[in-house]
C-alpha cells in the first residue's frame, strides 16, 4: 500500500472519481487558481491546501471551476448543478465560511429531497477545512460539524487519517445525499497507508482504533491521534481502552459506541468543538438514554472550552484538547463509580 | 484643497510607517515567532493614507483581512499592533485576535475582518449611527476587488443608498482575488456596478497619494453633506502574496519588481514632494529613520512581550455570564 | 410417551431470552415430590427457583451450574427407574429445543457458520451433551473423534473445546481473516475474534444488516464458545492506587441524626441558591493589620470572624432573612445568633455565637474560638447548640471554590463560603489580579424571595469589600 498524506489521499480520491464518472465536477475559490493572473499558470494553486491539484489540467475548466469569492453562490452552484444531474464537489476554503453561505446549506440542499416529496437527489459534497491548532484565530479555526450534524438531510463526514479520507471521499461522491466533508487542517500532512484504487468506507460505520476492556473512548478527527497517544500510554500501565472513531457523525454509529460501553461501563468522549450542543454532548446523551444500565461512572467529556478560538499560541494550545487532557479524563472515569447502585 | 506641509509630512510618515511595518513583518514572519495568517498591505499605502487623512476623530472605518495599513493610517498604535501580531497579552486585542482581527474601537476602527465581505454591512450599520447622531460623521469601509463579488457587498451598497447613509465605499483593486486575477472574477467592472446602485464613484490612482487624497476628499464630502453614500475606486497592487508564504505562482516573475521601480507610492511621493521643493530628501530621510527606529523598537518589545495567561482563557466571551 | 420428562430453561416474563443455571437442589438419582425445589436460575433481572410440577426421579442434569443457556434449552431429564440410560441419552440427543430467541430471522434455516468447511454430520451414536453437539457443529469437530470425559464417557462441551471445537479449533488468524470480510460492528468483530467465533453467515440485526455485538454473543453462546458473565463488577478500576471498598460501616448516632435532619431539610424545605463573588483583598489587608497590631493574648481574628460579623450586619439590614420558618408562618428575630458549622471527627456540629451584630470583632473571635474548641472536645452544652437564627458554613480553608449548603431548619438560610482565589479583573482599563471568594446563600423560598436573597448578598458583599464598617 502506498503511504500518502491525507491531502494526497483526498486528491487521489477526487482524481479517481472524476475519471470514473464524468458527472463529477469540482468548484470553489482557487481550486485551480491563477486564472486572470500574469504568470499564465492556470493551476497556480490547486486548492489552498493542495487537495484539488492537477484536476483542472486533466479535466479542464468546465469540470474544475474556479469561482469568485462568493461562498453563497458557490454552494448555490453545487446545489443547482446537483438538481440538474451533476455530482458537484464544492470547496469552502474554511469551514467558518459556512457562515456566509448557511442558507444554501441548511435551508436549501438539506431539504430539497424532503420538501420535494422524495423526488430530488442532491449528491453534493461540500469540502471544507476546519480545526484549531494553527493560530488561524477565531474566524478560520472552528470545528462547526455539530452545527451541521443537527440538520436533518445532511450527512457529515470527519476523517481522521489518509485511508479513511480516501474511502470516505469516494463514498461521499457516490452518495446521493448532500455530504458535509470536514478536513482537519492539522491532518492534511499526516501520512498513512492508503489502499490503491477502489476503496470505499461506508457511512455510519465506526472504526475501532484500539481494543481494550476498561474504558470506551470516542474521538473524532485530530482527536483520534491524540486519543491514541493517551490510550497507548495507559496501556503500558495495563489499562486498556476501546478507542472508537465514528468517522461520520450523521449517520452516527451509535451501536458500536453502546456495544463497547456495554463491555467497559465507562465512556470518555473527545471533541475539539465547543462543549455545548457538541458531538460530545450528543454521545453523552446517547449513553445516558440508551446505555444507562451500562454506565459505571459519569461520562467524561473532553472538549474545547466555551470560548472562541484564541489567536495567541499559548492560549490556543490550552484551547485544543490534548493527549494529557484525554489521559486525565480516562483516569478520572476509572477512579470513579456511580454510587448507590 | 491645498494641503499644508505639515499634512504632507504626516501623510508621508504614515505611508512610510505602513511600508516599513509590512516589509519588516515580511522578514520576521518566516522566523516562526509570529503565528497564524499574515496578509500584508505593502504597495497599497497611498490608498489607506489618502482616505484616512480626510477623516475626523468621530468617523469610522472598517477593514479587511489585509488590515494593517488601514489600522496604521487610522492612527492605531504600531507597537500595540505589533504586540497583537505576536500574540502578546498587551497587544491591541490582548493577543486574542492576531493580525487578521486588529481593532481599536477608541479610534473608530471597527476591525480588520477574517471573512471576505464581512465588514461591509457592519460599516453600513455604523453609518446608521452617524446619521442618527447627526454630527456630520461618516463611515468608511475598505473593500478589495475579491470581496466585491460577495453578496454582502451588494446588499450593503443597496442598503446605504435606500437609507441615504453617510457611507463611503473604498474599493481597492489590487489585481488579485487571493490566487486568482481580479479580471477573471469580476463581471462587468467595479465602477459601473457601483454606479448601478446610484452611488457616485471617484476614481484614483492607488499608487499616488495626491490622487487618492483628492478623490477621497470629494467622496467623503459628498457623504458628509447628507447626499447619501459615495465610493472611491483606487487601483494598485500588493507587493507580497495573498498571505505570507504564498508562492504566488499566478504572478509574472518581474511584476512586482516593475511596480516597485516605476510607480511605487513612496517613490512617487518623494519625487513629487522634493521636486516641488516642499521637503528635501534629507528631511524625508530623517522621517524614514525615525519610522525605522520605531519599527525596530516595536518588534523588539513585541518579541519579548508577555504572553496571555491561562487565566484569561475564558475572559471576554461575554460581558456578564 | 416414553416415560421421560424433559425440564427446560423456563421463560419468566416478556424480555427473558436466556438464563444461567446457578444451583441444583437435587442430584442425579434423587426422587422428589411435586412442588419440590429443583434448580435456581438467574437472569439479568432476578434469581428464581424452578419447582417440580410433578413427582419423579432426576435422572440426568444436562446443564451444569454456571452455564447460561437460551430459554427452552433442555436442562434436565426426569424418568422412572424403568427407563435405561441409553434411552435417556437418545432422548437428550434428539431433543429439539424451542427457539425463543428475539433475533429477527431466527426462524430461517441457520446458515452454516462456516460454509467453506461444513461440519461433519454428528454421529448419533456418540454420547455427547447438547452443548457439546452444538460446539462440535459450530467448530466443525467430528464428535466421534472426541474422547468423552463425562459420565459414561459422554462428550462434554469442554471435551469438544479441547479437541479443537472451540476457539482453538481454528487459529486466531483464520478467524480474524474470516471476520474481516463480514459486515459487523467493530465491537462485534473484536468480541468474535476474542472468543474464536467465525461470523460468516450470521444474520445481522444492526443498521443495514450489520452483525451487532448482540448477534455475535448469541452465536457464541449457541456455539458454546462463550457464556455471559453472571455478574458485573461495579467497582472502580484500579489505576495507581487501588481503592478497595470496605464493608459497610453503620452510622454512628451523630451521623444518624445528621443524616436524618439533612434529609428532612433537603426534602421538605424548598431550597434555592444564589451565589456572588466578593473581592477580599481589602478584608485580608485589614485582618493582617489587626492581627499585626494585636496585643499579646488577644485572639487572632480569622476571616470567618469577619464573615460572622458581616452576616450579622447584613441580617440587621435585611431582617427578613433572620427568621425561623415553620409550616404555618415565620418568626422574626431582632438579634443575629449565628450558628457556625464546625467539622469534628465523625461529624459536624453547629455551635451558636450569640448577638454577633452587637459585639466587637475580637470578642466574636474569642467566643468563636472557644465554641469551636468545645465542639471538638464534644463539650458543648445543649444551649450552645440551639437557637441559631442563621448558619455560616466555611470550607474555604480546604480550597473549596464554592458549594451549596443545606439549610439548618427552622432557620431560613445558610451561607456557604468558598476559599479565596486570584482572578484577573479589568482594572482601570487594564488587567489586574484580585482575590475573590464565592459565597452561596441557600434560602428557604417559603420565607425568602430571590430579590431578598440578592439584596442580602449585595449588602454582604459591600460590607466585605469595604470592611472598615466591620470594625467600627
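Here the chain labels run A, B and C in written order, and each chain numbers its own residues starting at 1.
Operating definition for what follows: contacts are C-beta pairs under 8 Å (C-beta built on N, C-alpha and C of every residue); 3 or more make two chains touch, one makes a residue touch a chain.
What you are looking at is a predicted structure, and each value in this text was computed from that prediction instead of being measured.
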Most central chain, Cα average position: A
Chain whose Cα centroid lies at the greatest distance from that of chain B: C
Of A-B and B-C, whichever chain pair has more C-beta contact pairs: A-B
Whole-Å gap separating chain A and chain B, where each centre is the average of the chain's CA atoms: 36
Gap in Å, rounded to a whole number, between the CA centres of chain C and chain B: 61
Chain B: positions in contact with at least two other chains: 89, 312
Residues on chain C engaged by chain B in the complex (per definition of touch): 422-424, 431
In the complex with chain A, residue positions of chain C that touch it: 185-191, 206-208, 210, 212-214, 232, 234-237, 239, 243
Residue ranges of chain A touching chain B (in the complex, touch as defined): 29-30, 33-41, 44-45, 48, 66-73, 96-97, 99-100, 134-140, 305-308, 310-316, 318-319
Residue ranges of chain A in contact with chain C within the complex: 202, 204-208, 211, 214-215, 237, 239, 242, 244, 251, 253, 255-256, 259-260, 262-263, 265-266, 296-297, 331, 334-338, 341
Chain A contact footprint on chain B (complex, rising order): 35-37, 87-89, 95-98, 100-101, 113-118, 146-147, 149-152, 176-186, 248-253, 255, 307-308, 310, 312-314, 317
